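Both of the next two complexes hold subunit A, though its partner changes from subunit B to subunit C.
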Partner chain A sequence: MREVTAEAKASLDITNDVCPITFVKTKLKLEELEPGEVLEVILKSGEPLANVPRSAKQEGHKILKVEQQGENFRLLIRKGE
Partner chain B sequence: MSIDYAELKKGGFLKQKQSGNFIMRLRTVGGNLTAEQLAGVTELAKKYGRGYVHLTTRQGVEIPWVALENFDGIRNEMKKLNLLPGTCGPRIRTVVSCPGTDVCGFALMDSQRAAATLDEAFFGREVPIKTKIGVSGCPNSCSKPQENDIGFKGAVEPAFNPEVCTGCGLCARICPAKALRMVGDKPEIDRSKCIHEGNCVSSCPSDAWQAARRGFHLYVGGKIGRFPQLGVKIAEFVPEEELVETVEKVLAGFRVLARKGERIADVINRVGADVFRRTVFEQEEKTECAK
Partner chain C sequence: MFSEDYIKRYSRHILLPEIGGSGQAKLAQAKVFVVGTGGLGSPAAFYLAAAGIGTLGLIDDDVVDLSNLQRQILHATPDLNQPKVESAKAKLTALNPECNVITHHYRLTAENVLDLIADYDIVVDGTDNFPTRYLINDACVIAKKPMVHGGILRFNGQVMTIKPGEGPCFRCIFREPPPAGAVPTCAEAGVLGAVAGIIGVIQATEVIKLVLGKGDPLVGRILTLDALKLKFRDVKISRNPSCPVCGENPTITQPVEYELPPCELRAN
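Up next, the complex of A and B:
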């Protein structure tokens, strides 16, 4: 388990998951958080990167950061109201 | 007893290979049936058919094994159950559609409403040859609009606001057409590659990508059958309120160019998509001039 960064309340690694589990896990994790809190998600490029930010935005959350980490990507999602 | 098969087909009553047996084809719009309609279908299939239905590739429902003498009976009960007869022969067929904006996160245009509008305006209309219309809400084309004589595909044109862009590069990473690339810390778009799917618009964390306009791309000349081919795009961003008018223009242009027995695909193969497009969209002006 990697260490959660200071700005995120929780972290989730979905690099071993495929659609739709990628967003399902993200959604369930977000449900554990309070509005305004931040979730870090580590995901692969391609299909997860095309779908997870879009779905999060669609459900009213805010993508704060998208950054590359080696082969993977790191998202910071702030939970919406 | 003499049977007017042409008249029966008009109402979606198709002759089976077994003498005296018919298939009752029902009219569906955009592939949706209510639970009440389904219960009605169940009842009719049990009572008049053999207790099963066949789902067609065009989102239709067919009840096989209906005896000819039950034609009036099944039609009367269909009316009561709010089920409409389908059609076949040289007519405008069932309008197919994807589930659309009501339930799908990808849909850009309300394909269900578009299908209902087109069904209302065109279903069953007598035309020189069978003509199929299909609608999809986005370029994913789940309902295969390019396989129809006339197909509409929802589309969005992205517009970029550099002031709010954070330069995260997500849009360039996810663009399915590779129309976007990062130049420094800002994305650059190659409009010639853009397929108007709008992943940049729906994913952009800072809303730097916005929808400049939405509409339907128009494809004509798609067909399957023995010699399948996909429709070609002859117009972009047709507004929802111009769908009916646009189909009227396509049908009018087709009538001008078509030889006996040709579908739109055949006309396009003979005269080319450009001539077809010009005939469709300039016909009105020609008529005006003739006056």
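Up next, the complex of A and C:
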């Protein structure tokens, strides 16, 4: 887990956002990264947790990890080509 | 990098794989020149401002008339007798204060057309008369500017995108303007207001595609609408090697102005 954290190139907290702004911000952050780089996203359960990973996959990115972190969740996304 | 307001305003665009943050930035950089702020220019400019086009140039020498309001949705009853470009600017900047709207309250002529379009990336044909339509076609070919043509009459409309050097221009299909009086104007023949909306919004869609470099624009084809039957037709057209402006041996190398028949002067 520690290695993966070190691997994340950027981090984004979308716990104060609602859908679809949650994924809009995730997408904008991913655009700043190079393909293959990893983004860490902190998000809430429920709608964000259901939508953000699904939308990221649809756009060709890879979900590396989803894990609970207190009352929020932590998502690791590897940017696609 | 992007403000919260920017992200929220354009969120439905940014979500689209074809746009995203980088496409939205392209729209913000784009400069579009809309010729005519009437039936076609109104819906086209409205959606372009909403879409976040950074600079919109508007040219129209007309003032708002009561007979315009059935279709020219940028103008409202309190705007009567105001210059259309100013009425248009007020609505566009209210919709999107980030949009830089530049107004020209005079007629487009052979003398000013090249200077005017030089500042823009794309030209929208929202004219109501043949002389101006041919003038902007020729000027766009000469200046190698993409142009999105639209035309409406009664329940019919047509759209065509001209990319000089890549596809046919307006003159490749319609070599010369029709003789004065041969084709009725909207003022004589009438036009369904909603048809202006459909065609103008298709023109805006084409502009956005050109800015993004996505999809297949109407280059080498003309889209026609019969709203009574509600049928669209998509007709393939080729470049005409003997086209007087974009052919192999062009005879038109400078913008030319055709006489505007007197009856058309008040036709809007």
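The definition used in the following text is that the second predicted complex is superposed on the first by the 76 of 81 C-alpha atoms of A that agree within 3 Å, B and C clash if a C-alpha of one lies under 4 Å from a C-alpha of the other, contacts with A are read in each partner's own complex, and residues count from 1 in each chain.
Keep in mind that, in the parts below, contacts are C-beta pairs under 8 Å (C-beta built on N, C-alpha and C of every residue); 3 or more make two chains touch, one makes a residue touch a chain.
Computed from a prediction, not measured in an experiment: that's the story for all the values here.
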Looking at the overlay, does A:Lys57 come into contact with subunit B only (first), subunit C only (second), both, or neither? first
Please indicate which partner A:Val66 is in contact with in the superposed arrangement: first for subunit B, second for subunit C, both, or neither. first
Residue contacts with subunit A in the superposition, subunit B compared against subunit C: B
Taking the superposition as given, does A:Pro48 touch the first partner, subunit B, the second, subunit C, both, or neither? neither
First (subunit B), second (subunit C), both or neither: which does A:Pro20 touch? second
Is A:Glu31 contacted by the first partner subunit B, the second partner subunit C, both or neither? second
Enumerate the residues of subunit A that count as touching subunit B in its complex and touching subunit C in the other. 55
Which part of subunit C faces subunit A closely enough to touch in the complex? 1-2, 7-8, 11-12, 14-15, 17, 20-22
Would you tell me which residues of subunit A are touching subunit C in their complex? 20-21, 23-25, 27-28, 31-32, 55, 59
Can you tell me which positions in subunit A touch subunit B when the two form their complex? 45, 49-50, 53-55, 57-58, 62-68, 73
Subunit B residues touching subunit A in their complex are 105, 168-170, 173-174, 176, 199, 202-205
